[in-house]
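These notes open a run of structures that come right after.
You will see two complexes here that share chain A, one where it goes with chain B and one where it goes with chain C.
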Partner chain A sequence: MKIKKNVAISESGFIFNPTTGDSFSTNPIGLEIIRMLKDDKGKDEIRKTILTKYNADESTFEKDYYDFVMMLQNNQVAEETE
Partner chain B sequence: MEKLRYERPVIKKLNTGVMNKYGTRTEYTPFTNIDGAKVKDLIAEFGSPLFVMSEQTIRKTYKDAVRAFTTRYPKVQFAWSYKTHYNNAICSVFHQEGSWSEVVSGFEYNKALLNGVPGNKIIFNGPDKTDEDLILAINNESMIHIDHLDELYRIIELTEVLKKRPKVAIRVNMDTGVYPMWDRFGFNYESGQAWDAINKIILTDKMDLIGLHTHIGTFMLTPSAYAVAATKLSDLAYHIKTKFGKNITYIDMGGGFASRNTLKGSYLMGADSVPSFDEYAEAICSALLNSDYSKDELPLLILESGRSLVDDAGYLLGTVLANKRLSDGRKATIMDFGVNLLFTSFWYEHKISPAQEFSHYTEDSVIYGPLCMNIDVIRENVTLPPMKKGDNVVVHTVGAYNMTQWMQFISMRPNVVLIDMDGKPHLIRKKETLEYMNSLEETPAYLKEFKL
Partner chain C sequence: MAIKQKITVAVSGLNNIDSPGPGIPVIRALKESKDFEVRIIGLSYETLEPGLYMHNLVDKSYQIPLPGSGIDSLMERLNYINAQEKIDVIIPNFDAELANFMKIENRLKSELGINMFLPTQEQFDERHKANLYEFGEKHQVHVPFSKMMFSTAEIPTIANEFTYPMVVKGKFYEAYIAYNAEQVGNYFNKLSTKWGLPIIIQEYVFGSEVNVTALGDGKGNAISAVPMRKLFITDKGKAWAGISLDDDELVNIAKNVISSSKWRGGMELEFIKTAENKYYLLEINPRFPAWVYLAAGCGHNQPEALVKLALNLPVEPFGGYEIGKMFIRYSYDMIVDLKEFEQISTIGEL
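After this line comes the complex of A and B, so read on.
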């Protein structure tokens, strides 16, 4: 999973996809995940980082992570890696 | 180092220049307590889902309504509409405030009697009164509001057996300029049906016609319709006086005032658009004061408001069971309460507040109940902060009709709690149990054995 190269991400969580012209907002955890995906971090590393920083259990994060990346794909912000 | 509060990651598409069908965001702070009782503590003690009634809100709302009418009209009496909420504790709060009872069945009538309401302070409305009900009401000198000619003729027959003169009123339906016109109850004003009934009552001389009653609709957003109704009823009452020399002692304007809920399809939130008690009172009282009656002859004004007096006082506390993503990308949240408990969600956009801290990020969601039925939708479109399994929510303005129209469907009905004037919770209806439900059923002996 990776964030498309031309997607612009602001510090405040504003996201712009110039390919589709769509813009999005995301919350701080969503922004952190998107940044890590942009830095080519894998799911395990992302999970470790989030669970270290935030008060969440593994299964909650896993459910939410899969839902979030599915939405990133549906919105054409992210794409599957080859 | 203490960990930060976790919130589900969300991404929301931004649309400019287009109306959002989910509406604007309405929640800015969590709703954590009701009259000083903490939502989380209430759920821990009484379970989830849980209905909570605020005695403070009931009394304050009632006083507001009474003030609106008594400052405009000299003789006013409220009669608590049992069908709106007939839990004995709730009825007793209204009776303590001075409200009579308005009932529409033998079941409700007997509930009022058992609550200690004197028979002559009970108004008996509705099309369904059995002989047993009528005899009880006649013997108790209750105010019987006659709905149809079959009932009128039956009461005449009963007076010959009982040798008593019942105290009656007729329900009158009329065109007040609103649609739909409620003409299924009572006798029509414009067609002359009402006069036919009045003539029959007075000329047979078997009962005392002491009042006239109307109930023009429900969730009425137009106070002027009440002015039309009050004018027509007071004209009718005055003409009975001039024609027969009989004094109509009361005019009962029924109920139908709107609560602060938001009807589905409304552009504005209910709290911003429904008329106040003062607006209803101004319409009704002005019409009565402008009638042909002199100041000293004015009839008693009776009001049977239910919804507007109790809706705001009710809350439904619930818990998130699950989140899921629908095939079209919409977020869906499943709650532990459904349309079985929240019957009014069929016609209201109920306000829902999270009961714990949340950030300013929101998601557009569908709120489902837990029932295995496709119709179990609490909110079709709502903008709420991200919530996770186990989080609690508070549904507002659920005090009217839900705890009388709720269904034992798929799951049983939960506890109901009243928060008293000091913020202390009291259990006022126990949750149903399997033993209770089974105690009502009988299985024939030949069905008790089977092999699988």
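After this line comes the complex of A and C, so read on.
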């Protein structure tokens, strides 16, 4: 999963996709995940970071991470890496 | 400080209403010109066009005859207006009036010294809604399949060639989505009463609407093409807010259309972008759209460039434009003295 190159992400969690004109806002954890995806970090690394930093169990992470990246993909903010 | 050239530009489309004409946005862009100090002459058809009363933008206004009156009465009126104002350039902004202005373009230049920069008759005709499918084939751009309809008796035949829903479009303006034959008939009657025949039936393509405002120099060069997506749409289908896009493919399609057709003048291209990222051209409007001021806001002052082209001044294609710039319309109540309304209603000048 990769964040599209031209997608703009602000400090406040405001996301703008200049190709579609859509904009979204995300909470601080969402922003953190997006930044990690933008830095080409893989799911395992993201899982490790989130589980270390926050009080979450693995199955909750799996479910929420899946929902979140699907949302990014459906809104053309992210795309599958080959 | 650079000295600006003083010019007088006459502009129509002052109906800055919920389905706005492009006049006021064109004027705002011209007033921001870096090269011209522009005196604006408003050309109006109705006495309640808000632009008539916007004295900060429109210096003087004149009523002109409705397009149905023909070119002789238009020429006569423009002759009178020109005698008062010495017009350098006219920018007509209504689809319905363009045919008349195109017919008198050469006469205006030779007899009155007034310049315009309009599409040719051939360009105007081939991009017409009724001919758009063929236009797409000629200029290699996807266009939803469409057919002209002249009578409700054709509905059963049409229904065999299309699947529901289908789009029912007026000759000049308005379009509705019909889900059954009864709705096609209703919209046919509604649109033909308002805009005349033919009615255009178009294949319905699902996706998001994206539009481009553009300017062609008539030699195949796109001076500018700025894409926008509507963010808020009124019940009349007009953009109340929009945002400039970073979409090279869309810009390239627009540039190819301009290059292939050697488009002369301002234009708006309306597309549907499908979920598969395929672009379908829905319509070409042969003049700037009402949201053209966004292009100026993005760094492409298309109306100013059109004036330069009309005056035969050199114009280079613009470079990049600002992405993610938004426009948001608002309504505003002007308080107008009855005397002003009386003046435009009785003597046709304000």
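Note that in this section the second predicted complex is superposed on the first by the 82 of 82 C-alpha atoms of A that agree within 3 Å, B and C clash if a C-alpha of one lies under 4 Å from a C-alpha of the other, contacts with A are read in each partner's own complex, and residues count from 1 in each chain.
Keep this in mind: a contact is a pair of C-beta atoms (placed from the backbone, for glycine too) under 8 Å apart; a residue touches a chain by one contact, two chains touch by 3 or more.
Just so you know, these numbers come straight off a predicted model, no measurement behind them.
By the document's definition of touching, neither partner reaches A:36: not chain B, not chain C. Looking at the superposed arrangement, the partner reaching more residues of chain A, out of chain B and chain C, is B. Of the two partner chains placed by superposition, only chain C is touched by A:21; chain B is not. Once the two complexes are overlaid on the shared chain, A:8 sits against chain C while remaining clear of chain B.
Interface residues of chain B, counted against chain A in their complex, comprise 3-14, 323, 325, 329, 359, 361, 386, 388-389. Contact residues on chain C toward chain A in their complex (touch as defined above): 208, 210, 228-229, 231, 242-243, 245-247, 323-324. Residues of chain A touching chain C in their complex: 6, 8, 16, 18-21.
On chain A, the positions that touch chain B within their shared complex are 15, 22-30, 33, 50, 52-56, 60-61, 63-65, 67-68, 70-72, 74-75, 77.
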